[in-house]
Amino acid sequence: MYEDLREAVYQANLQLVEAKLVVLTWGNASGVDRQAGVMAIKPSGMDYRTMTADDIPVLSLETGEVIYGNRRPSSDTPTHRVLYNAMPSIGGVVHTHSPYGTSFAQARHAIPCYGTTHADNFHGPIPFTRDLTEEEIGSEYELNTGKVIVETFDEMWIDPLHVPGVLVGGHAPFTWGKDTASAVENAIVLEFSAMMACQSLSINPQTRPIPQSLLDKHFFRKHGPSAYYGQRK
Amino acid sequence: MYEDLREAVYQANLQLVEAKLVVLTWGNASGVDRQAGVMAIKPSGMDYRTMTADDIPVLSLETGEVIYGNRRPSSDTPTHRVLYNAMPSIGGVVHTHSPYGTSFAQARHAIPCYGTTHADNFHGPIPFTRDLTEEEIGSEYELNTGKVIVETFDEMWIDPLHVPGVLVGGHAPFTWGKDTASAVENAIVLEFSAMMACQSLSINPQTRPIPQSLLDKHFFRKHGPSAYYGQRK
Amino acid sequence: MYEDLREAVYQANLQLVEAKLVVLTWGNASGVDRQAGVMAIKPSGMDYRTMTADDIPVLSLETGEVIYGNRRPSSDTPTHRVLYNAMPSIGGVVHTHSPYGTSFAQARHAIPCYGTTHADNFHGPIPFTRDLTEEEIGSEYELNTGKVIVETFDEMWIDPLHVPGVLVGGHAPFTWGKDTASAVENAIVLEFSAMMACQSLSINPQTRPIPQSLLDKHFFRKHGPSAYYGQRK
Amino acid sequence: MYEDLREAVYQANLQLVEAKLVVLTWGNASGVDRQAGVMAIKPSGMDYRTMTADDIPVLSLETGEVIYGNRRPSSDTPTHRVLYNAMPSIGGVVHTHSPYGTSFAQARHAIPCYGTTHADNFHGPIPFTRDLTEEEIGSEYELNTGKVIVETFDEMWIDPLHVPGVLVGGHAPFTWGKDTASAVENAIVLEFSAMMACQSLSINPQTRPIPQSLLDKHFFRKHGPSAYYGQRK
């Protein structure tokens, strides 16, 4: 039952550890099967070293109910589910407390696009959400975290696959992609771009974003119909 | 004799090395057996690579005398003992010179709660102690280090299990927890939170702590009767 | 066919990973055979862990056409080719997004020569290029990246083997050397010097470059006819 | 011939790599046999991975002539020899380009004693030397580097075993100790203290050194007749 999906989600969670994006149990990756109407996600608070693909629970996208597995899903599951339901083009979501991305989230500062490393995967600055209200925190907190992400992208008219990540203010980054593996890659790029943005600002507080033409060039040489990066498939 | 206690303390000391919180021999973990009235702690100045569980000395909580083992206990033992005697709810203590925690201790700057990573384990800023006086340093220095920690928590009316750590001014962090393993986890979270606080301040010197409602939400979703993080036990 | 060249280029690409200068697939090393009029370079977007020497394509220096191998060459190939054709003394080129070098490139700030570590391999500050124009980005971008590097060195009258590297503004570093292995070494030194320049500026914003006499001493004790560093060959 | 000395020096050089204090071939450790009037040191520019104890040359302390081995000694040998001849209490010398120590050397900024980590091994700030003159660089540069270190300690009336290290301005740190192993330990502590001093200044630019009483306490609980740290020998 959903073996491929659970295996992909399991592997993605291990890759987050290997890429040093998670410490302790902070972080989770999920994936979706749109046809079956289900998502799979890391179990809550489990040690990455003892977890197996069998521990990955599967839930209904519509109701959020667990329909496969004995483990309690990540406490961040409602956030992932809101994203899948509001962004039909995405196939995977990743949440980490990766250090530089989280530092920008804590500083409530977007990650500006200072170079081509960032532009290869994110077509513009990575935005941060407004703070949640006391009411939004008090009830259905994780669900409201998802809603405030969706609100941010709706208000700024950004295509989620063009800027596949966000900083939740005072909390940490979420990334996504066309599948779980892409969401992991975007989590790596977000962290690396955040680290270099922080260092660039330290070297030169007047550092400016790259011009639009360079941003377009790098993003579209890897994404969309004119892409020419990588091997022919 | 006290085999489980010594083994737990031995493992905790190895975990500090694995988590890269100690360099050379700077750091020690201890644990307590309240019923037996004893504590076990790392031996002084021993190499973590050659130490075995058999090298862990056991002492009387009341008198401080070694009652098991041939090794001299850590020179920081009196600090640990003061904490166990003044804080009846704790079961383990950890001392490290982890780099960012120590940098905040040197800067005599509390670690503000800038995000949910910090809030998951510490219900508020991690305070620093006042400097010891010349008299306190000159006689029974390690004992007085413990006393100034207890004084800090008494004056601020903080429950030690709600803010399970402190920065000793000009020195380094101490953490604790309900057992030795929790004290190690709190040492990891303290260091990670300190690193991100330093980076957040570098990105935005006006970074503000998260609101009380978010602090409460994250701490109490992991601790206390309403916790819902992790697997059911 | 060109087995030694492909093997050297393959090894150089692995060394970039080992030296932690590349993340994901960002980075490439190439080498040249001047007599045969060919260059070899990393294939585009391939995982360093699965790549073998057989995947390294060989191209004509003059026309840029692939004359050996089935893989599409790195998208940065035109940049490398311009450098080989304009700088007849170089035998290898390396491109990375190494974090501190890239941060200086993003900050559009030369790496000043603050110490002997830098002076051992670079006889002066490592310059950055002007930004490419919209036209240069819009058409033959990678070729124009090479041209703006050559322009930088022509205008400043710098011998490319005396300052074997550059920062492309808003992008990342390129280094080179008498062969591919030297280009890799220079990429390592550039990154290490950039990291220490950033830290030196953080400690003392008034840090000044070392005097010319010390710069000369260190560079020429390792390079040129009066060198006395290392073992007699 | 001098087998123990060469083995100790060989091991010390490997420990510098293991402690991540050297990159490429930047760094060297040496040791002395006072009775025999000889010193042993790393060979110049050799890869640490292929070097064996047999490659360690032995020289006369008085004349500097190689009296054992086929390898050319480190180009920094004259600096080490000046230190051994001017500081009769030291038994080992280490030179590295460790990143934070070197950054302070480049910034021409002493490493202040901001905490007990530093105070455990260095009884006060780690000073930096004045810049060498053009004449001192032009002729017998490495010998003059040693002389300017000795000058620094003579002028400040510091016992070299109380502050077992120095920053050579615009260059990098040298450390020493009662034997080669202690010199390596002091190189590790210097780098770690430099890193935390840099971070402390970043967190609080007004960070002040610890008081004299705390400095004395920590240094003398590990060194001299009243030491009580570690196991009884």
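So that you can tell them apart, the chains are marked A, B, C and D in the order they are listed, and the count of residues begins at 1 in each.
Operating definition for what follows: a residue touches a chain if its C-beta (ideal position, glycine included) is under 8 Å from a C-beta of that chain, and two chains touch if they have at least 3 such contacts.
Please read all numbers here as calculations on a predicted model, not as lab measurements.
Undergrad: Using the contact definition stated above, find the chains touching both chain B and chain D.
TA: none
Undergrad: Rounded to a multiple of 5, how large is the rotation, in degrees, that superposes the C-alpha trace of chain C on chain D?
TA: Rotation angle between the two copies comes out at 90 degrees.
Undergrad: In terms of residue numbering, is the interface formed by chain A and chain B classified as same (over half shared) or different (under half shared)?
TA: Both copies, chain A as well as chain B, present different residues to each other, with under half of the numbers appearing on both sides.
Undergrad: In whole angstrom, what separates the CA-based centres of chain A and chain B?
TA: 33
Undergrad: Report, in whole Å, the distance between the mean C-alpha point of chain A and the mean C-alpha point of chain D.
TA: About 46 Å, centre to centre.
Undergrad: Two or more other chains in contact with one residue: find those residues in chain A.
TA: 201-202, in rising order.
Undergrad: Going by the touch definition at the top, which pairs of chains touch each other?
TA: All touching pairs, sorted by chain label, are A-B, A-C, B-D, C-D.
Undergrad: Considering the complex alone, what residue numbers of chain B touch chain A?
TA: 114-117, 120, 185, 188-189, 192, 195-197, 199-204, 207, 210-211, 213-214, 217, 221, 228-232
Undergrad: Residue numbers of chain C touching chain A in their complex, please.
TA: For this pair, the touching residues of chain C are 23-24, 26, 43-46, 71-72, 75, 97, 99-100, 102-109, 131-132, 134, 137-138, 141, 170-172, 198, 201-202.
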